[in-house]
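Multiple structures are listed underneath, in structure tokens.
The following pair of complexes shares a single chain, subunit A, combined with subunit B in the former and subunit C in the latter.
And now, the complex of A and B:
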């Protein structure tokens, strides 16, 4: 009897030891630590992507899923898809034009010792990004309304300009979308640039000054090159953000129904085909195409910035 | 010991948090706790309240078959998307759910994952406006029960008409309407009406009354036939002649639009009966100024109304209490008392025509206070003249084309109606 208890105790000890040994093993521990990430990646990313690829070759109906080859991709070559792609590309282009240089310059100002009220401006510029897109979109919809009394039409009247229907023309609608994006994301990009600016060592500027560099020269030769890694990051996420835009357009037009599809984006098309018309196979084809397009654009962009070159 | 205490306290805290997160308001209501649990999804809070009250009265009337209704209101798109995904994947769907009419086509594709309701519909066929149930039917099986007829009516602003010297009772045809419109514009400077550019309610009802539809009985696209282009040309002419303006905000549900109309922006608009609630809730200044009349017609003898919009309540095949869900649905939406409650609580014109003359519908409520008594006289007057729509699998696609392209191109860009309709019809596969 006594011997039995001892054996059980020894077994327990051994078992505890084995677990301990496993956790403390330098060879296995890294795998254990990355396991949660690997698992969530496999379950929530890899699996859905593969099943989306599969679905893009199928007609998906309850109880009647069947393979239809390339039909979904053939149907993709329609006017709606070109409109959506053009809108998303225009939007991405304009957001890049506004949302890279402007926050960069503002961040440089905010970082300067000469700037007064710096922390007030920082928070003032950042607050819009905390607003929900839905609230912001609703407010913008009313500000850019079609009535004479709408805020922006009132503003036009100050200059003797007539009332216009902002959300009914392709150009003005894109303008509203870009203004909304700029208003919301300037603060976020400023934060990225500010944190990079603060990591630039002061000695570099002092050395440049000793060499006789002026304000301009310091900005071009010191600040800008050292901001490159952060700039590449911001550009990459902006391209992704531009092409995945949907909610803004959805809210501005009270749903996925902008006149003449002037606000239709690629994700909007995915939503319309996949969910609104219950054609998940076709929706999947749109999604996969979007994935490929953004990947190609980002690879070109990263390559042109020399990110794939070997470090010397 | 201390450690064990800490651990147990934190465990207790965590579980109480979890429990409180799971507690549902509707489930914890007294009198609703015991009995068979039925879940219900909707996108309209008023529908949820209606079903909860029906569950309460069901429980009073059926002590042996208690129901504990767990109702949830989602945003419009979430409700349909979640339901679609649940039915597509075969798990997670509720017992009962609301599906809006323009979405039902999605759910009837392939093999419907909904329960056929013929055994509760058939015994009451004589009393129900069957065209409303046909919208939710496929191959002779009824899958959904609507809340209302959605009879199309015209709302006139009496104040503006009086100023212009127009009597709405004399407007019988669209020609009369145009004449009256000219007079209104001339005398008051205000447009006679507003037309939607990003929705279908200014257009579709007229097409149906005039004898056609966007889809035919077999679900084939006929949105570019003669009637369609005639109606669209008529609407375009209203805009060209300045009798109508395009609705501020694009459609009759925009905040801008409510503000515009509330200030007496236009002399009339046509929308289904269910639009009454928008007047009472969003255009309070028009109280006692709005009169409801039957629609004008293109030709004498044509129908003066059509059934528009709607929401069907369905039972999903995933329901574990199908029989009870069916009985309850019949009680709530097919029975006489259910239909009276639909008018009382929701202000909808119920689908059971034998209650339209019921004294209960003459009782005062917020709608009679706003529009005057005897609203239902209009409905009973056009009872036999409500044209039906064809709701089929392609309805979501066709309605999408009308909302995003057709209306805007014809009324805003003033393009040729026939050409726009041909292009739209061609784009639908």
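And now, the complex of A and C:
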């Protein structure tokens, strides 16, 4: 009897040991390592994505949901969605126009042998990106204030131009948003380009020089082509950043309510419908549309850069 | 000196150009600092200007931040510190595990998981904030710090970063550890984590910064004033019914301060954290 219990106990122990042994075996260990991601992916990504697709076909009311087919998407054909999409597109367009070529050229300058105090200037230009949008937006609100003595109006007076209310007109408001974005991200993009430039082997330039290439020629034939991968990366994140812009206009206009929606963005509309009006179905339809737009743009630009070739 | 003499004129032009740009980049900080030292009435009446007016300058706004009437500001600061610290520690632990697992082992499903990491990286978070909001209501995590931290604590970018870094480590350590009788987890924590110290440094800074500055998600999750983080607290001060400039401006300066200090000390890590993945693409 005693011996039996001992045997059972031993068996149990062995079983517990076996589980432990299995968990500790090199075959199972990798799954334990990646488990946090798998769990987080299923709970906080896959399910929400599935659920937002589902909600976009539903009218979601507290306590009950109703399938309404494509009605949410039909409602997208409204003035406010059109405004939001136009604003986000304009913003993305202008940030791309400013924030790709300018940092590229500045990075080339900073990397040049002629440059002095390069790392100081790099830091100075990078520091704005450390501030939160809330703080940056607050400063810009004040700098572009509507009063006579506000910084930018004071600056206009130097040229004999009248005071304007920057955040009341669509064009000037977009200008403020783009200046804010340029101020915040120029240093980051410079660093991306700079680190790509520093990885270009010097021999390439020496070879080009032997072939008689001038400064201009070296830039076009050596530098630019080798910057292609990093440029694609920067363009891609800029498009995502541009279309998901929200906080900037939230801060500039006291929270998502600009005059005539001049600062309304796609995510702003998603927030207004989904969180403020608790219309999760319509908000989800806005989100899905945003997803489709960013996907299409990225596929187009990746394709036009010929990046769909298989690479390791 | 045998070195080629640099032509002077282009150097001077470049330095002048960058001096102007640096001044423009730092100008808003000057405006903010100046405004924080002026009485808020002045700002309301004339707006933010660049006049020095030494007779108006004082540290009164800062003193106010530490007085009892601005208690909520100190609460926000505390909340932000706590959330950033917990988020950063958990995020680094979990994502270094995942990244290491993906880099060091060949196992069934490895490539699928890596593609999923890239997929999460590519989908804008804003798209899932509504279903996540619904989920947080269901999990009763609305208005809690866990609700702010949990959904994003396993984040794809650091996973990717740690994977890249771990892939560059010699696999010999793995075998050496096994021969010495170390378990797989022992190898990770005792051998690999110390080897990945620079990666931890870079990611700690970037993730802490991202958490310190994050806005949209905390704005959605947190409802109570005393539980707000610094950015949403500051944003709540800007209302159409009058601005609390005295807290807002001085509070903004203090919100930037820790980041600036970190930047001054750890510049290199900012750069290495930013450039991974982007350039090699």
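Structure notes:
Keep in mind that, in the parts below, the second predicted complex is superposed on the first by the 269 of 312 C-alpha atoms of A that agree within 3 Å, B and C clash if a C-alpha of one lies under 4 Å from a C-alpha of the other, contacts with A are read in each partner's own complex, and residues count from 1 in each chain.
Rule of thumb we're sticking to: a contact is a pair of C-beta atoms (placed from the backbone, for glycine too) under 8 Å apart; a residue touches a chain by one contact, two chains touch by 3 or more.
No experiment lies behind these values; they were computed from the predicted model shown.
Because the two structures share subunit A, they can be overlaid on it, and in that overlay subunit B clashes with subunit C.
Of the two partner chains placed around the shared chain by superposition, neither subunit B nor subunit C is touched by A:161.
In the overlay built on the shared chain, the residue A:79 is in contact with subunit B alone; subunit C does not reach it. Once chain A of one complex is fitted onto chain A of the other, the partner contacts of A:267 are limited to subunit C, with no touch recorded for subunit B. Legend: residue contacts after superposition of the two complexes on their common chain; A:254 is shown touching both subunit B and subunit C.
When the two structures are aligned on the shared chain, A:142 is found in touch with subunit B and with subunit C. Judged by the touch definition given at the top, the superposed model places A:41 against subunit C, while subunit B stays out of reach. By the document's definition of touching, both partners, subunit B and subunit C, reach A:280. In the superposition on chain A, A:63 contacts subunit B only, with no contact to subunit C.
Greater residue coverage of subunit A by touch, when subunit B is weighed against subunit C, goes to C. Subunit B is struck by only one stretch of subunit C after the chain A overlay, and of the options 200-208, 218-226, 254-262 or 272-280 that stretch is 218-226.
The contact surfaces that subunit B and subunit C form on subunit A in the two complexes overlap at residues 142, 145-147, 150, 254, 257, 275, 280. Across the interface of their complex, subunit A is touched by residues 77, 80-81, 84, 87-88, 90, 105-107, 109-113, 197-199, 248-251, 253-256, 259-260, 396-397, 400, 403-405, 408-409, 412-413, 427, 429 of subunit B. Those residues of subunit A lying in contact with subunit C across their complex are 24-27, 29-34, 36-41, 43-45, 47-49, 51-52, 55, 106, 109-110, 112-117, 120-121, 123-128, 130-136, 138-143, 145-151, 153-154, 183, 186-188, 191-192, 195-196, 199, 229-230, 232-234, 240, 243-244, 246-247, 250-251, 254-255, 257, 267, 270-271, 274-275, 280, 283-284, 287-288, 290-291, 294, 298. By the touch criterion given at the top, residues 6-7, 10-11, 14-15, 17-19, 21-22, 24-26, 28-29, 31-32, 35, 43, 46-50, 94-95, 97-98, 100-102, 104-105, 107, 110, 113, 116-117, 120, 122-135, 150-154, 159, 178, 183-185, 188, 209, 212-213, 215-216, 220, 230-232, 234-235, 238-240, 248-249, 252, 255-256, 259-260, 263, 267, 270-271, 274-275, 277-281 of subunit C touch subunit A in their complex. Contact residues of subunit A toward subunit B in the complex are 60-64, 75, 78-80, 142, 145-147, 150, 165, 167-168, 253-254, 257-261, 264, 272, 275-278, 280.
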